[in-house]
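Taking it in order: structure first as structure tokens, then the write-up.
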Amino acid sequence: MRLDEIAKALDCELRGAPDTEIARVWPIESAGPGDLSFIAHPGYVRYLATTQASALILTPEMEDVELPTLRTPEPRLAFARALRLFYEPPPRREGIHPSAVIAEDATIGDGASIGPHVTIEAGAAIGSDCTIGPGVAIGRGVRIGDRFRAYPNVVVCEDVTIGDDVVLHAGAVIGDDGFGYVPSAAGRLEKVIQVGTVVIGDDVEIGTNTTVDRAGVGETRIANGAKIDNLVQIGHGCEVGEYTVIAGQAGLSGSTRVGAWCQIGGQVGTKGHQTIGDLAQVAAKAGVAGDVEAGAVVGGFPALPIGTWRRATAGFARLGEILRRLRRLERAVGADDSSDGPP
Amino acid sequence: MRLDEIAKALDCELRGAPDTEIARVWPIESAGPGDLSFIAHPGYVRYLATTQASALILTPEMEDVELPTLRTPEPRLAFARALRLFYEPPPRREGIHPSAVIAEDATIGDGASIGPHVTIEAGAAIGSDCTIGPGVAIGRGVRIGDRFRAYPNVVVCEDVTIGDDVVLHAGAVIGDDGFGYVPSAAGRLEKVIQVGTVVIGDDVEIGTNTTVDRAGVGETRIANGAKIDNLVQIGHGCEVGEYTVIAGQAGLSGSTRVGAWCQIGGQVGTKGHQTIGDLAQVAAKAGVAGDVEAGAVVGGFPALPIGTWRRATAGFARLGEILRRLRRLERAVGADDSSDGPP
Amino acid sequence: MRLDEIAKALDCELRGAPDTEIARVWPIESAGPGDLSFIAHPGYVRYLATTQASALILTPEMEDVELPTLRTPEPRLAFARALRLFYEPPPRREGIHPSAVIAEDATIGDGASIGPHVTIEAGAAIGSDCTIGPGVAIGRGVRIGDRFRAYPNVVVCEDVTIGDDVVLHAGAVIGDDGFGYVPSAAGRLEKVIQVGTVVIGDDVEIGTNTTVDRAGVGETRIANGAKIDNLVQIGHGCEVGEYTVIAGQAGLSGSTRVGAWCQIGGQVGTKGHQTIGDLAQVAAKAGVAGDVEAGAVVGGFPALPIGTWRRATAGFARLGEILRRLRRLERAVGADDSSDGPP
């Protein structure tokens, strides 16, 4: 593709030869002739002098280089779109594979691609242009919008509601039981049956082997545009706001309400029955017990404002030293503490 | 259903109109006319004045309100049972779906409901009234009791033994290999083959995409009544005691022995080759390296008695301040420490 | 089997009766007559006096005991091999089950064992002697070497490359999308399509329900001999070096490069875009934000050199005490800090 065509498609300013031929979009570390690459992060500026790429996407402010460039305030976004220009999706299976078992009263829209060994139970309704991979199981009464995409072995349990343009990655399970038991007088644990459901909005993507529990009563809700990574656990009755991003292996305990446009880091845990406000950021591995204000940035376990946490962790590494200094001071002052054991 | 019928079924004292009609069981935050709700936690008492519910479950000690009430020392348990009174389980598939592949010498008790694309291998024996969802794979020689329930895509590997009334949620895998390798002189890692198995008692529930490894030698054991949440990893040779509850994303390393009626929080990790005594509680995200005494409550990483951990975390947030105060003291005393860099 | 035969097979020195009959290999805690056991760890020496085993594997330096012994510098390795001597693998399904759906142009080598409900898509090529369990899905254009073993419900996504002697445990997913989004001016999150792939070397084992993401661009790479446990998340563009071992529930964020012969503990997390050198060890639950030098041993969150971390955690437990001592010192010196609240 010619560079001027790409510039037009990506809405970038073109500097340099418009007829430069681009065959591929590739990261700058290993880009070669015919490649279009980008620099969004100062750490990669060092590659500018040596790259073999044929063209680069840069911000307007960056200096001119010998290579032709596309200029945009958002190089990463332009790169993502350039990838799409060159992307050829794998061919799609036509129609419904004969091994799929689909209940008579299930309804499926036009343009369906349904793989082998799929099960779709009674009363399920799926919109148009779905792509359902091998081994997927869709439960009774599930309602799903248009352009649904489920990778192999996804499970959607009964009565779950899913919007348009939703992607579920392999092995994800939506609508399994929440986790609730009550000790009974008979000395057993009695299950609190989980009679609620899950409601997922439009444009949601849910990662591989991630689990989203149905509510005990009422609904677990994932709002439009939310993106959830792999191996995440969403407990019963949680709410995840619009365009909130949750990274891998994070876990939201029951009834955690996360606002819109939040960023929840990998391996984060929440205690449950709490609110995380819009635009809040929770750093990876944090453990969050209480509410988090809108726009706050917290980290650590228990979670602290991120600045406090950074200072505290710097001090943490010096705890051996702190104890030594305390002991010396006590000797100097003659206030030695007999409760202090050997250092 | 009339409130007096419910009172009788739940063994509660009725105060107020016996003919109050109840149509649904619902949480107090959003309950309306026709709903039965409950208050078990002081945090919810504020809803008493404004709730639109038609009746409430309260403890005997709580003040009388205008609404009719059911009184019991265990409102949460009564609520759980009330849910059950109104619960209509989804209709159950009758019989064995023709696409299921069942070995000739496998035995399956009466009343089986077996979904599409199931595989049951040679020599497996399953009791009566099983409900097995689509895509489940049961390995050779597996032995399972009565009323077994497996959600879609569960895997039970060869020779595992499972008791009565066990529930395995979607994607759970029981009896996969433990993780063991030994460096060999040839400069490779040699697999320690895992020749043990898994034995699961009665009334056990295991969560979605959770994994329970077979023992290297001998047995991994999950005792009667244990409840394990989603995405949990149980290593080879572990033992989980009766009615112990393990929350989501916790991981027990090999040969961790957990006693009866323990509570293991979410994202907890254990080092392995250790014992956690009966009734112990391990707070969420704790990392437990050694033994934990029966009845102890521990938290943090490395795990400490919960009180110590709480005080330490309070101090942790003040480490920046501690360093400043130490420095000022050193100046005051003239014992400045040159090894102490800028604060 | 006679003990002298075993000695020969394991390349151990035999001390004691060569005709001792061994029927089983078993851990020393519960070994009985006819059992061969071993002691590799000082903690188990106490069993020497009371064990009912018929023979033991010991190091050459350990004292002679009444029992016949096999001597080797590597008792654990010899034990692992002894297990193998007595191991009878379960019988293998012959051929391809008729319910498997295999694309016409997929190629599969001799000696294949393919279970029910398997899907193998167009253009996939699998070597000889594969064993593929029920419900496995192999995507378009996947290339796999000889002696491949996939347990039930494994998913290998399109275009992934896998070497010889690779084992994928149940529910593992290889080649699902990496996690990348860019906020767009329209106030949405735009997906960065993931056009890269995954390349796995020879002799790799990947655990149950573990996920290995395809690279955004280029390759996620798992080198020869690497061993990855259950419920691990490997982000897009990561590299895992030869014979590196990654324990359960660890997560590598995108573009983490881990060297050869590293040990990554359970529930570890990495920040991504970083390098962990050869032979490095990361203790369980650590959070690693930056590079780790070859051979280094780190622990904690944020990760510190392991000695520093141990001293710091010892100090952490004493933070309540540290604050009390600081306060007393300040009183003694008359430098009381009014910003210090009640202890």
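By letter and in written order, the chains are A, B and C; residue numbering begins at 1 in each of them.
Here is the rule we use: a residue touches a chain if its C-beta (ideal position, glycine included) is under 8 Å from a C-beta of that chain, and two chains touch if they have at least 3 such contacts.
Predicted model only: the values in this text are computed from it and were never measured.
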Requested in this report: Report the topology of the inter-chain touch graph, choosing from line, ring, star, complete and other.
Outcome: complete
Query raised in the report: Copies subunit A and subunit B touch; is their interface built from the same residue numbers (over half shared) or different ones?
Result: different
Query raised in the report: Taking each chain's centre as the mean position of its Cα atoms, how many Å separate subunit A from subunit B?
Result: 25
Query raised in the report: Multi-chain contacts in subunit A: which residues touch at least two other chains?
Result: 99, 117, 135, 153, 171, 209, 231, 249, 267, 301, 316, 318-319, 322, 326, 329, 333
Query raised in the report: Hey, which residues of subunit A end up touching subunit C in the complex?
Result: 25-27, 30, 74, 76-77, 79-81, 83-84, 86-87, 90-91, 97, 99, 115-117, 133-135, 151-153, 169-171, 203, 205, 207-209, 225, 227, 229-231, 243, 245, 247-249, 266-267, 284-285, 301, 313, 316-320, 322-323, 326, 329-330, 333-335, 337, 339-340
Report summary line: Counting only contacts in the complex, subunit A reaches subunit B at residues 99, 101, 117, 119, 122, 135, 137, 140-141, 153, 155, 157-158, 171, 173, 176-177, 179-185, 187-193, 195, 209, 211, 213, 216-218, 231, 233, 235, 249, 251, 253, 267, 269, 271, 287, 301-302, 304, 308-309, 311-312, 314-316, 318-319, 321-322, 325-326, 328-329, 332-333
